[in-house]
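Going by the order they are written in, the chains are A, B, C and D; count residues from 1 in each one.
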Amino acid sequence: MKFKTKLSRLSPNTVQKIAFAGLLAATSLVLLPVLLLMAVLIGKGVTALSWTFLTDIPRDGMRSGGIYPVIVGTCWLVGGTIAIALPLGVAAAIYLTEYARRNFLTWTIKLAIVNLAGVPSIVYGLFGLGLFVMLLRCGVSMLSGSLTLAILVLPIIITSSQEALASVPQSYREASLALGATRWQTIWHCVLPNALPGIMTGAILAIGRAAGETAPILFTAAAFYLPHLPNSVFDPVMALPYHLYVIATQIPNIGQDIRYATALVLVAMVLGMSFFAIIIRWHYRKKRC
Amino acid sequence: MSTKYGKLARHIGEFVIEKMIFLSGLITIAMVGLIFLFLLKESSSLFDTVTLAEFLGGTHWYPISDPPQFGVVALLTGSAWVTLGAMVIAMPLGIACAVYIAEVAPPFVREYLKLTVELLAAIPSVVFGFVGIVTIVPLVRSIFGLPTGLTGMAGSMVLAFMAMPTLVSIAEDSIRAVPSTYKEASLALGATEWQTLMRVIVPAASPGIAAAVMLALGRVIGETMAVMMVTGNAAVIPSGLLQPMRTLTATIAAEMGETVHHSDHYFALFAIGALLFLITFVINCLSNLFVTNVKKS
Amino acid sequence: MLNEPYKLEAINLDVYYGQVKAIRNATLQFLPNKVHALIGPSGCGKSTFLRIFNRMNDLIKAARIAGRVLLDGQDVYAKNMDVTELRRKVGMVFQKSNPFPKTIYENVAYGLRINGSMANKAELDARVEQSLKDAALWDEVKAVLHKNALELSGGQQQRLCIARALAIKPEILLMDEPASALDPISTGKIEELIYELKQRYTIVIVTHNMQQAARISDFTGFFLLGELVEYGKTAEIFTQPQDKRTEGYITGRFG
Amino acid sequence: MHRHFDEKLRQINERLLRMAALSEEMIKIAIQALVDRESAKIEEVFKLEDQVNDLQIEIDEEVVHLIALMQPVATDLRFLIVASKINAELERIADQSINICQSTRFLLKYPQLKPFVDLPIMADIAQGMVHESLDAYVQKNSARARQVLTTDDKVDAYKDQIFRELLTYMMSEPSTIPRAFSIILISRNLEKIGDHATNIAEEVIYLVEARDVRHHHEEKLRHENRTGH
């Protein structure tokens, strides 16, 4: 209390200066490590990065060589994910914004989506293992992994698509309907083109998320070591995040620079996607105004 | 002009499309139900051999002993410690950061700060785990003079960072959503910006901030990889943050690979999954409640 | 009124909005090549009433009607009525101009493309040009047809919306306060346009601005609290209204 | 900008001009009937008056409609109000011609008192004033309207002269009194026509300049301002 009386004797402006300095310090404490982290990753990773690292298969128990099958596997996995999740998610979003009435069912769906987004990723992994790998007998495979990741990113795609669709002014729909367009024509010719940037942003964010997740593919798709490319969707694949986990914790006596380089490739891939999404959003926001 | 036939085809086509869209919507909801039902179904098999009380109250997690013991108290305590530690670090820092970005930072800096926060959100959790291993773990070991840095403390610190984007961006949004008229009214009465912040804006935004905290909490409890990589993975009941410990999530991730399918161990891991699902479900519903309250007022 | 056949008529029409009866027992007829204005205080159900005729109120879940609506003697709410076909016959212009964020050309072409009724580009071009001319906008935009419609001024946007509605050759034009968001000059242009358009269309316009109704319409209906108080020739309504409430409203003595 | 309101205003304008032409014609024919002693022409005047009356009602209705429906302001408002007033003045001018005809009907029952010299000239001037004031209205020319105001003095002078001349007839020969009085009345009718034309001219000045020149209104205002009332 003594401290408080002392403090209250200071002029309000001095208090404000001290408080703002405190806020700035907190912000720096949160954000500076991020930049530091990036700097370290880039600094240490770039030296190990080379063309052969990106195009060679892992050798010597992953202690040397490259990560080519890992990168390709990630791309396949993510490609499959988006191919499944995007049509489903956009269709669900269209249903919710354009067709669904406000009733109990819609309310349940909305609650379901919110909760789907909050489910821990390892639980998705369990679900994928139980349903796709075991019950549907897809085995530990690219297909199982993509399906699992697709469910993981569905909420992202649905919510962002819903927002994008809802941001198309109601007056556009009215104008189109009043011109004698059917409901679907209105959606296809008028609503979707206007919502496309938002939907794309969501899709890209989903790709980034899918590319970075480890837990859901842990038991559904990821191979510990597979020095060649998968032959079919029923083969397991190597994936970057899982590979990083493996070389960071499971392989003793491995050179630090391979770890840093792998981490850098993963981060670059994921952040590249995010930046792309940010740029798209920024571009269209500017254009709309 | 469109012929009668063309019109009919159009009608049929639209009927099909609309039904397909409806089906997709249903599939999505079905997924959530399916996830929960699946977890329930798989974990229910466990309770043929183990009672619910033994599972929830048992202090020993010895899944491969003979006979095996499946008590999750150690894992729950581990999760609780790590989560608590992470929230203690993340809440003050995150809220301060949100306030700074929303109200104090000059406009041109604000955009960069938000960008950095989004950057943080995009970094995969394995990368956090990896960076945690090479930076935070040795740091914790040397600061506290421990035999190993792989402790709950390291986990909390990593998780605090991972919770930051959710916490900061949602809290910042809710602070910015406070009508500027409140601020103007307060400033017009001669209050300083800081007084206005503390007495008007932050209280007005508090439901949104609470929602942000809840969502961040959900994220922290559900986080798997990073935690698994830095907490040391000892399945004993910890007495403090400076010990190795193991969380619910890490247990599933670490052990599922080595279980025999459809064994009790396998089912026990699903039971943990169901438990996690329930915990996050409750947290989500709570934060949702805050958000709808904000919207109503 | 006259022995000419009615283009559009509402007979004993009730409109419900949830539990509330928004329009009570309204009967009125619209003649070809005339402008019909519906006036009344805000919230008296005029806009709802207008949307009955092209069934745009189908979109509002809570709205339902009783009574009959006839277009050329045919029931608009009949089971076999093709709503999209109806809306092509009954064009609509909204209160707030709502061009699509496309080019000027594409806005006008939208309804034609949807229907696939144009055989080739030349035909489409010709119709777009004609519609823009009919909407008195051609001279202002002919050089910038491929510019985004949102870059036009408010008054131009509204005329573009009129051109868009005209492009699909409707028979009737419904206008929901088409000039309420515009400055006096743009309003004047729209009013002159309506005067020109009535040579070829049946026009029904809702407006809260009774002076506007007086200026442009041949017939005026006065709505009050969901009731059609008076309907007749505009000149008579504004010089010798039969109902005290009409008199009160148009003279501004109304509480 | 094109306004269909302008079309309506033009129609009113046209009707007023037609009315003015009819009124002038009535003056002319009425004086011809008197001078040439042709009773048939009197009927012609009455027929024209019917047309004038119809036009007056039409114009009044149209003005009321336009004021009610179009909410005119500024020039448009002044135009409609002035049109309404000119309408009334023209109708009164026509009435004066009818009065002339009624006096003529009486005069034609008796032999001519004296050959007309001043009266036809006076009629010409009055008719010219009507013509001029309407021209000023059509051309929105206030200078021309002011010209009409000065011409009015001439008509007054003729009226006085005719009165003095006929006074000598009446004093020397009392039996001429009814005839002489009728002629005096006719000169008075013509003077009234001049007054109506003057009123029209004053309205034209109001229309063009938005200034009220009636009854030395402006001079009074100026005087009051100077003396501080």
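Simple rule for what comes next: a residue touches a chain if its C-beta (ideal position, glycine included) is under 8 Å from a C-beta of that chain, and two chains touch if they have at least 3 such contacts.
Just so it is clear, the model here is predicted, and its values are computed rather than measured.
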Touching chain B and also chain C, the following chains: A
Greatest separation from chain B - chain, by CA centre: D
A-C or C-D, whichever has more C-beta pairs in contact: A-C
Chain whose Cα mean lies nearest the overall Cα mean: C
Chain C and chain D, separation of their C-alpha mean positions in angstrom: 49
Chain centre separation in whole Å, for chain D relative to chain B (CA means): 96
Chain A-chain D separation of Cα centroids, rounded to whole Å: 92
Multi-partner residues of chain D (at least 2 other chains): none
Multi-partner residues of chain C (at least 2 other chains): 115
Residue numbers of chain A (touch at least two other chains): 182
Residues on chain A engaged by chain B in the complex (per definition of touch): 12-13, 15-16, 19-20, 22-24, 26-27, 29-31, 33-35, 37-38, 40-41, 87-89, 91-92, 94-96, 99-100, 108-109, 111-127, 129-131, 134, 151, 154, 158, 182-184, 208, 211-215, 218-219, 241-242, 244-245, 248-249, 256, 259, 263, 266-267, 270-271, 273-274, 278
Chain A-facing residues of chain C, complex: 54, 56, 59, 61, 84-88, 91-92, 94, 96, 98-101, 110-111, 113-115, 161, 164-165, 168
Contacting residues of chain A [partner chain C, same complex]: 101, 169, 171-172, 174-182, 185, 189-190, 194, 288
Chain C-touching residues of chain D, taken from the complex the two chains share: 1-5, 64-65, 68-71
Interfacial residue positions of chain B with respect to chain A in the complex: 10, 14, 17-18, 20-22, 24-25, 27-29, 31-35, 38-39, 42, 92-94, 96-97, 99-101, 104-105, 113, 115-127, 129-131, 133-135, 161, 164, 168, 192-195, 215, 218, 221-225, 229, 249, 252-253, 256-257, 261, 269-270, 273, 276-277, 280-281, 283-285, 288
